[in-house]
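Chain IDs A, B and C follow the sequence of writing; residue 1 opens each chain.
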């Protein structure tokens, strides 16, 4: 069996390869990124949908590619250059080649005034315009005079691409993980998601006796998930039991969780349980704080059981959607620990069944070597967890619910459950 | 269309006309009061039930009228006189004309010792007696000697009256408002209720495309609502969807709400929601703190969905049921703001339906001019409310429930709901 | 009718008779104890099950009796002697007669190091061994040299015994009380339980018009309840409506309650309600803190509605399972007040039915002498409880639930309920 546990450094190295590729919701950046991911694990399939196709209330946009973009002054000095930082151009800008006075130039310039040394990340996917982004400091230094705005971009009838991985298990019931591949040079949002998920997929493919089928989606945000849902909604509603939007998982700050619209799905329950024991100080957010593709998965009528897993959550950290969210903002440890949380989540899901104690009254644990034979107060600590599990395993609550009641991490119960099954003290009451 | 928005001063002027009329549960005071109200809005119908009629566990009392009542001393000086303040006589007193020593007189005198300068409001509807009310200070100044107690009252087989307004809407489902017209010279409890409700009725009669039918009741407290229920219970159980006892709504202190017995009816939900956004510091009371006609509407077997709306609640303010609850205790602003709360309540009820987003996945708000076309962080504030509404409008929750979830006042959502209906983004899932 | 209300002193005298009898899970100590209890009330039946019988996952152990047990030094001085304190021998020890060096002796000696002057209570029912218990102080004074370990005990194929009382009522539905008779010289755990329950049984036998049938069990802990359940489970599941494990009820500290596994059974509701009003500071424990026969009664598949009533709860007081839990730890007042709590519990259960107000709208309490006829504010206090009861008695909530809502102790409502039934203001809606 090949090695499936990557080090944090391996994850970070992959992030370094993906980060510089210029991505938008369509175009060659997306394809190049998917090719790098497929290189990590060959199970990735690449799909496309033609520009102009109607997907629910939306239309697949034209393919957009960009060659160069800059502003130069009268001396031919480049003030900002797309080559230097790909955030300098407003995403999906129309082409332009014009000399303008400083005042007019400023009407095309976007900055983040409250973070004067950060370049904001700005896009305009659904209205035709062009524009440039720079730091507030740089803007304030622009002298009067004429400036040359150049954007060599091109719209063409092409397609929109996404990646998909399907790893079959014993059951047709699916667990789904979804992330985005449309953001350009941003580290946490979104180089981290694809990096962590491609390695999670590889790891899952090596689990023996896998019960669930796993589906991974690497999508352009919003339009990508809408397009995917427009083609697969019926299948997803029938088969998906838990889904996770995985985004902003590269930094090493606190963990975050955004609940699904209904808040009580299997995904919510397992992720909250795992996080509570992995790192009790994790941050929990209402669905009112949604912002990524859970907006589509949980929409009325779609109603899929997706919640969101992040470290520093989108919209909640200062560096979000600026040039400060770069490779320094994420870390090897941050990526690795996010992967560990998802591995724990999968491990718990695989054994999350309703167990029932087969024996009426307490089982005699002593003769099975599971209980001390000498009774004196304060000598039971180790056996107590087993007793609690068998006292609450009534075939009505699943593993997660029982663990919540007996205040034990499900991850630690997994070997105990195996032992109790083997001893025929418990049985599976229901899948 | 006639002007339907009265000023606070108009409300207060009406209170000044009603306040001095001497009322009891039966008699000409009730009829005179109803006549004044009918003058404000002609839709008011006046009903009667004969003395001696059995109404559930009770009997309609004799009609009672009073000509004069006073205590005079040996010099012929009137110590207290009903002409001066109609609280000086115990309501529903038998006639009397006796000279007594001070000691005996005192056994017929009621005061409020903890408020020595207030005359208490005292009645004895269900046991025959007579008596006088005065301030504790006045009682303490009574010198030894003989006193003449005179009450010229008369019981007669007549009737008990009440007022009723029915304003029909598109549906037979009803919203009911109920107040009392049996209290004599008391401002908040109860000149304010009839004043606010007659103007609310007038205002509702001018709502276009009214969905609900509205019923207003102006009743003698307790026996009036029992009599009304004994005649109309079946109809009310079938049609009433929400009901409000409106009492003590004239002062300008905090707002109060008393929950229905079950606490979760439509009336509870809408009034709590409206008050929370109108004035978050409103005071909420358990049904254990009931005291007006909700005692009948919510009784076991009656089970109508009534809660109570007040400003300073009965039993909870010092001036309650004393001469201090007079025209100075209430105000133009107090009456007007109470009317506004009830208007908001009606407006929300009219649109409180289950809405469902018609579009799978998020609607493309941008091309409908409902969303900014340029995506940069922190630019979405205005559009967020629309997005939240469409993300939660799943056809299961009604408007109030969705607004609770998205933390928006339903009153502010009303024009947005109209716009979304017009854009065919949402539809009514159910009445 | 014989006197059925024992004084605290009578309860304590019974404890003094039972305390010195040496008990184990089998053997003559159990039979002697049951004989003393039967002497208090003749309704007690004594049952037996043969050694070696399979009961669910367990086997009834051999009968064990002990004649003497001691350690003597080379001078023939007895270091510890079973005659002096029956905790000195490990319960269910094998016989032994050996001279050993001090070092070897220590491997057979158990102490409670954190309580150096207490002898711990130690047993080894399910693994063959022998041993002695002494204080940590005594152990530290043992000089080097040889010691004679003597235990004259005997295992024999005999039986295990328990006591049972059945007091029939009008209904076959049962209330069950269960305690233990297997602990040797310990006061709170467990001389107190049998003392309180035998007197509770005697008191219940004198209740006129008893509705429920009552069952009392005096069992060896764990194996006793398992054996009993293995013979009676079907009957118990069909008939038991509420059950109480009564243990550690002799001291005069706070009251304790351990919830059933599901936490919302009739036993939980009634005991919590009674304790809240009897002594609001009672201590409430989760089922995770279980430890007595509720472990069997609430096991998955057994699912009987048992909670636990204690004073200082097992495992939660320092003296627990040591020689410090003696006759000084319990008191006449402690035993008597525990009995009072259980008597209140029975009284409430007997009248805990769903009542329904027979009259639509409020009943006219005045003409029945239940309400003051003069209405002035603050004069209603006494009548308010009656009004609240009739306002909430809707035939859906039982007495306990109504009392929780109107914030009154059910014990105080019992005579009021009788009066309202007699007046035909309420009726029983359902048993």
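Heads up, the rule we're going with is that a residue touches a chain if its C-beta (ideal position, glycine included) is under 8 Å from a C-beta of that chain, and two chains touch if they have at least 3 such contacts.
Here the structure is a predicted model, which is why all the values come from computation and not from measurement.
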item: Co-neighbours of chain B and chain A - touch as defined; value: C
item: Same or different contact residues where chain C meets its copy chain B, judged by the half mark; value: different
item: Between chain A and its twin chain C, rotation from the CA superposition, multiple of 5 degrees; value: 120
item: Chain centre separation in whole Å, for chain C relative to chain B (CA means); value: 55
item: Where chain A touches two or more other chains at once, by residue number; value: none
item: Contacting residues of chain B [partner chain C, same complex]; value: 56-58, 90, 110, 120-127, 129, 222, 225-226, 229-230, 233, 261, 287-288, 290, 295-296, 298-303, 315, 320-321
item: Chain B to chain A touching residues, read off their complex; value: 356-357, 359-364, 366-367, 373-377, 387-388, 390-395, 405-407
